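What follows is a set of structures to go through.
Two complexes follow with chain A in common, the first pairing it with chain B and the second with chain C.
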Partner chain A sequence: MKSRQPLFHVVKRDQAGPGRQLAAYVAAVVLALAVGAVLLLIQGVEPFTFYRQLITMGIPGSRYPWRSVENFIKLFVPLLITSLALALAFKMRFWNIGGEGQFIMGAFWAGFAAMQLGETLPRPLMVLVMALCGALGGGLYGVFVAALKVKWGTNETLLTLMLNYVALYFLQYFAETKTDWNFFLDPGSARPKFAKFPANAQMITISIGPFNLNLSLIIAVGLCVLLYIYLNYTKRGYEIAVVGDSPNTARYAGMKVGRIVIRTIFLSAALIGLAGAFQASSAGVLSTSITNDVGWTGVVVAWLAKLNTVGIVAASLLITVLQYGCQTASTTYPSIDANFANLLQGVILFIVLAADFFTRFKLVPRGRREAVK
Partner chain B sequence: MKKLLAMALAAAMSLSLAACGGGDTPPAASSKPAGSNPPAASSTPAPADNGDFKVGAIYITSQNDVAGYTFQHHNGITTAMKDIGLDPAKQLLIVDNVAENYDDVCKAIDTLANQGANVIFGISFGYIDAMNDKAEEYPDICFSHGTGYMANETNFNNYFGRIYQARYLAGIAAGMKSVETGNNSIGYVAAYNTEYAETCSGINAFALGAQSANPDAAVYVKKINTWGDENLERQAAQALVDTYNCGVVSQHCDSAQPQLVAAENNVFGCGYNSDMTEQAPTAHITAAIWHWNVYYQTAIEAAMACEGDASKFVEKMGGNAYYAGLKEGFVDASPVNEAVAAPNTVAVMDAVRELIKSGEWDVFTGVKLSYNIADGKVEIVKTDAPLMDNQGSEIVPAGGPSVDDGVIKGSMNYNVQGVQEG
Partner chain C sequence: MNDPINVLTLFLFNIVLVNIPLLYGTVGEIVVEKSGSLDLGVEGTMAVGAIFGYLAGCAANSIAVGLLVSFLTAGLCGLLFAALTVSLQANQNVTGLTITTFGLGLYFFVGKGMGERWPAMTSASSLVNGYAALEIPGLSKLPVIGKALFSHNFLVYLGIGIAVLVWLYLNCTKTGLRLRAVGENPGAADSVGVNTLLYKYAHLILGSGIMGLGGFYMALYMSGSFEGSNCWINGYGWIAIALVIFANWSPVLAILGTLVFGFFNTLQIYAGPLAGAFPGALGWLNAIPPQLYKALPFLITAIVLVASSVRKRESSGQPAALGLNYFREER
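What follows is the complex of A and B.
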C-alpha cells in the first residue's frame, strides 16, 4: 500500500523567523532576476542595462522626469486603494474577486456625473461629487453580492467574478453604441468614442514647479492611515477579524454577523469604486480598459502583503515599479514587447510567491512521513 | 526542455533570416521577424549627425507579430529607417499593445518623449485625441497619426492612403476572371461596410473596377463586424460561395482565410494587406497592398529636416494631411499570379495604373472605363456615365469630377450600383 502514497507530502513548517523569511524573499528576487536575465539574453538584450532602466524607470537623464513621476502615481494610487479594499474583505474571508467590476462601476458613475454636471459645478465640488458617485456605484455593486450571501448563502467568489464581466460589457455597450441619447460619446466623431470630461471634472492637481501632484495620492495616503486605525484600534475592525476567524464565535459573542458582512463589503467595494472614480477623473475620460487589471493585481498585492496595511503599501509600490519600469525599459529595445514585459513580471511574481510558500511549508518525500511525526 | 529547444531554434531561425534580409524587397514580401537584432543588418552606416535622432512608435498590438496591421506598419518603419541610414535597433523606440484608451496613449507618448523621441507615430485611429493634445504639450516633437483626421499647422499631421485605387485594380482582375469563367457573382468579405468610409469606399472601388471589365458583375458583401477574426472570415467567405455561387472572393479583413476558402472551393480570390499568393497559390490573383515605408520615409526625412524645430514639420510635409496613392507608390496591387489570372489581366491593370498615376482620371468620377484588347494591346475607352448608388440616387453626374477626398476618407456611407450586402 505504501507505493500508493503521493511522492511528496506538504508539511507545515514551524514558525519561520523574520530573518529566514527575509532571506527567502531576497533569494527569490535574485533567482527571478537570474531567470529574467536568461530570457533577456535570448532576446539579445543586455540584462544589466535593462534592469537598471527597470529600477530607475528611465527617470534619470530623461527630458521630462516629472511626467514619469506623475504617470507613476496614476498607476500606483488605484492599485494601492484597490489592494487595501480587497484586504478588508479577505480579512473577513469574503472572497471578493470582483474588484474589476466594482472599479468599472465606480468609474462609470463618476463618468456619468462628469458628463451630466461637469459644465455646471465648480471643480472642487465636481471632483467630490464624482468621488461620491464612484464610491456609491462601486459599493452598491459589491454589497449586492454580500446581501445575497447573507440572505441565501450564495457563493461570493462566483458572483463577484461573473459581475466583473457584466460590468465590463455594460461599459462596452456605452462605448460602442452611437445614438443620440448616449451622452458618453464624442458627438464630433463619426466612429464611436468616449468624449473627454469637461475641464471641471478633471482631478485636482497641486503644482510644484513643473510637477503636478495628483490629489488622489494624498487621499490614498490618508486612507491608508484611517484603515490601519480602523482595523487595529476600533471595535468594528476587530469584528471583521473575528468574523473572518469564525462566524460562529462571532455569533456566540453576540455580533450581528450579517450586518458586519454587509457593512464591510460595502466599505470594501466603495473604496474600489472610489479608486475607479479617481482613475476616471485623473484620466479625464472613460475607457473599456480603465481598470489596468488592478482588480486582479490587487488580489496578488493583498496576499503578498499577508493583508497587512503597511505591507500592502510596500507591495503595491514594488509592483508598480515593476510594471512601469518594465514598460519604460522595454521601450528602448525594439525586440522587447509588452508581452515579454508581462512574462518577466509573471516570472518574478511567481518565484516570489513560491518562496513565500516554502517559508511556510516544506515537501517531505514519500516514506519519511513517519519520521516527521 | 522541449520549450528551450524550440526557443533556441526560433532564435537561430530569426538570426539566419535576418542575415539574408535586406535588398529592395517590398515590405509586404519580407518575412523577416520584426525585432530580431542582427549585427550586420544596416548595410549603410548611420551618418554621425543622425546618430541621436530617435523615432517613436505606438502600436496597437506587438511588433513581434508575424502578420497583420501592426506588422505592416512596423515593417514599414524599420524599412524606411534602414533606407535612410538609421538603425532601428538603437534609434527606434516602441510602446506596444497600447489600447485605444486616452490615458494609456498619453502615458505612452510621455514615455517616448522622455526617452528622447523626435517624431512619434501612432498607428491606430483611437489614439487621435491623445495625439492631438500631446502635440500641443510637446511642441518640440513631431506627431504623426495614421488613419485619423486631426492635425495642426505646426507639428502634428495625419496620414492615410488612396487604397481604393489599388482596390480598383484588383477589381479589374476579378472582373476579368468573372468574364473568363462566365460567373458574374463576386464575393467580398468585409470587416464593415457603410459604417466606415474606409471599408465602403474600398468595396465601391473594387466593384467599379470589376464592372469596368465585366459590366454584368455583381458584388455580394458579407460583413463580419470586426477588423479581424479568422473564424468569421472563413465562415463569411464560405457563405458567399454557398449562397451566391461567387466565383471570385475579395476581402477587407486581416487574415488570408477568405483566400484559403476560395482555394478549397476551387474558385478565385483577391486579397488585402499582403500578397496572399503564397497562402493560396491556386486561387489568389492579386491583392491591394500598402507600402507603408513610402510614407514613413517621407515623414522621417521631413522630421529630420526640421533640425530640431518641430514646428516646421507640417510645412516640410507640404500639408498636414498626407493622402497619397498609386502615384507615390504608397498603395498598389501586388504582382499578378499569372497562373490563375485571366489572359491580359496584367496588361489592363498596367494601363489603368498608368492612367491613375497620370492624374487624368480617378475612381469615383462620372467617367467609366472599359477596355478594348487586341493582340495584347489595351485601349482604354472612357465613357461619361453617372456614378449611381445602389438605391438609384446619383452621386456624380455623367462626366462630373471625383467625389471629394474628404468624403472618400471620412464620410462615404453608400454602396455603388451593383453592390449588394447579404
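What follows is the complex of A and C.
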C-alpha cells in the first residue's frame, strides 16, 4: 500500500472549554452582522442606522413603548417554549421536526375549547382548559409518531415533517369552509374568517402601571426552571440523556427505552401544543399563519443553544430581537422585513455549525500521530 | 370552453405543466440522498436557483444563462451543505433546515431589494421564447394526449430527460454503483478505494443544481412576477422530499409519482370545471374540500413511510446510511 497520507487528520477532542464556545458564538453573531451589513450596503441602506433601529426595536421615542414590549413577549414566549420542547426530543436523538404541526394542533384544540366553552366558563378556568386541550392535542399528535418509531422504527424525521403539512391543511379546511356547523368562523362575515374568541378565552394579563404582563411569560419562565431541574436532577431526565447517548447502554442498564421515548416525546409535543394554546389565546383568534414558523425557528434555537436550557433562553431572546427588530425597522425601510432576520439567522447558524467542528474535533498535522481514542 | 373533452385535455395538460418542477426537485434530492445525505434544504435551494437564474436570464436575455446560473447558485447551496455536513460533521437535519430558512430569506431580500428595478419577463424575449410550447411533430396531433403530453415547453422534456439519465447513471454505470455504495455503507466503499469525500461533494452539488433548474422553471411558470408574500416555490421543495419516498428513490418512478401528486395538485383547481363538464360521472368532486387535495401528497407519503417501516421491505430504495455523517476516523 502506498504511504500517501493526507495533510492532516481529524481527531475527536475530549472537552472544549466554555470560553472557546462563547468566543465562537460572539464571532458568529459579529460575522453575521458584518455579512448583513455588506448586503444592506448593496441595497443602499445605511447599516449602522439600520442595526441601531433593529436593536432598539423602535422602543425609544415610541408613544406606546410598553405596547412594543408586550408584542415582543408575544413573539418570544411561543419560540421559547417550542425550543425548550424540541431540545428535549433532540437530547434523545429523536428528530422531532414536527413542531409546526404540533403547534397548530395545540392552537386548534385550544381554539375548539374557546369557541365551545368560552361563553360559559370563568376566565381563569377557561385559560386553563385551553392550555390543557392544547397540550393534549399537540402531545397526541406527536406521541403517535414516537409509538410508530418504537414499534417499527419508522423514520421520525420524515414522518413528523409530513404531518406538519397535514396539520396545516387541516386547519386551513376550518379556516376556509363556510358551513352551518363550522363554529370557528365569524357568522357576521360573508367571506370565511376565523371568529374572535369570547372575552373569557383571552390570555390573562397582569397590569403593572401602563404595562400588561402576559401571564404566559411567567409560565414560560417557570417551565424553564422546571425543565432545567427535570433534565439535570431527576432520574427521568437522566434517562433521556442515556437513551440519547446510546440506546443499547440504556437497555443493558435495564431501562425501558420504548417507554422513555414515548414519555419524553409526549412531553415535548405537549409543550409545543401548550405554546400553540398560549399563542392562540394571546392573539384571541386563530389563523393559518399562527405558528409564525416557530416549529422551524425552534430547531435553529435549540441547536444554537446546544440543547442547553439556559442557552435556549439566551438564543431565543437573540432570535426574537432579530425578528422583532427587523419587523419594526421595516416601517422605515420598506425593502427589508422579517425575512432579513431569517437570512441573518441562517448565517449565524452556518457559522456556529462550522465553529462547532473545531470545538468537537482537532486537526493533527501529518506525521504527528496521537493516540486516537 | 365548456366542452368536456376540452376541459379534460386542459386538466391533463396542466398536470404536466404545473408539476414538472416537482420532478426536478425530486430527482435532485434522489441524487443527494443516494450519496447518503438527507438534505431538507430543497425549498431554499430551489428558491435561490429560481431568483438568481431568473435575474441572470433577464439581464443576459438568454435562457441558457438563466439555466446555468440557477444550476450554479443552487449548486452553491449544495456545496455549503457538503462543507458543513461532510467536512465539518454538522448535523444534517439542522443544516438542511437552515439552508431553507437562509435561502427563503435571501430570496425575499433580493426580490424586495430590487423594488422598481425588478425585470419583467416580457422584456426578455429569450425567456419567453424558451418557455413557449414545442409541438412534437406527429405526436402532438393526437387527440387529448397530443395536447396533454406532447406540446409543452422544452423544460418539461428536459426534466424527463434528466430523470431518465439519472436513472441510467445510478443503475447502469460504475460511478453510479459506487455512489450507491457510498450511500449504503461509506466505510465499506472507502475501504475499497472509493473517494467518499469527492462522491458526497460532487453529488450534493449536482443534485442541488438540478433542484435549482426546477426553481428556474417555477420562475418562468409564474411569468417572473415577484410577490412580496409568497415564494414562487410555494412548498414544492417539501413535496419533493415526500415524493422521493413515494418514488422509492427511483428517478423513473419519480416521473410517475410526479404525475400522481400532480394529479391531486391540479385537481384542486380543476375539481369545479371537471364536475361541471361531467356532471354525471364526476359531480361528486365538488363535495371534496380542496384542502384535502393539498394534504394528500403528505398524507400518502406518511402512509407509505409507515407501511414500508412495518413491512421492512428488502427492495426499499432508501440508502442505509441516509442522514448519518461519515467520520472516517471511526471506521
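By definition in this document, the second predicted complex is superposed on the first by the 318 of 373 C-alpha atoms of A that agree within 3 Å, B and C clash if a C-alpha of one lies under 4 Å from a C-alpha of the other, contacts with A are read in each partner's own complex, and residues count from 1 in each chain.
The criterion applied here is as follows: a contact is a pair of C-beta atoms (placed from the backbone, for glycine too) under 8 Å apart; a residue touches a chain by one contact, two chains touch by 3 or more.
Source: prediction; values computed, not measured.
Legend: residue contacts after superposition of the two complexes on their common chain; A:158 is shown touching chain C, with no touch to chain B. In the overlay built on the shared chain, the residue A:252 is in contact with neither chain B nor chain C. Contact with chain C, but none with chain B, is seen for A:299 once the two complexes are overlaid on the shared chain. Of the two partner chains placed by the overlay, only chain C lies in contact with A:173; chain B stays clear of it. Of the two partner chains placed by the overlay, only chain B lies in contact with A:62; chain C stays clear of it.
Looking at the superposition, the partner that touches the larger set of chain A residues, chain B or chain C, turns out to be C. By the touch criterion defined above, A:290 reaches chain B but does not reach chain C. In the superposition on chain A, A:71 contacts chain B only, with no contact to chain C. Contacts of A:331 after superposition on the shared chain: chain B is touched, whereas chain C is not. In the superposition on chain A, A:194 makes contact with chain B only, while chain C stays out of contact range. Touching of chain A by both chain B and chain C, each in its own complex, is seen for residues 42-43, 334-337, 339. By the touch criterion stated above, chain C contacts chain A in their complex at residues 38, 40, 80, 83-84, 87-91, 93-95, 97-109, 112-113, 115, 235, 238, 241-242, 245, 289, 291-292, 294-295, 298-299, 301-302, 305-306, 309-310, 312, 323, 327-329.
By the touch rule above, chain A contacts chain C in their complex via residues 9-12, 39, 42-43, 95, 97, 148, 152-155, 157-159, 161-166, 168-170, 172-173, 176-177, 296-297, 299-300, 303, 334-337, 339-347, 349-350, 353-354, 356-357, 360-361, 372. Listed in rising order, the residues of chain B touching chain A in the complex are 7-8, 11, 34-37, 62-64, 78, 88-89, 92-97, 99-104, 107, 110-116, 125-126, 128-129, 196-197, 410-411.
Chain A contributes residues 42-45, 58, 62-65, 67-68, 71, 74, 190-191, 193-194, 196, 282-285, 287-290, 327-328, 331-332, 334-339 to its touches with chain B in the complex.
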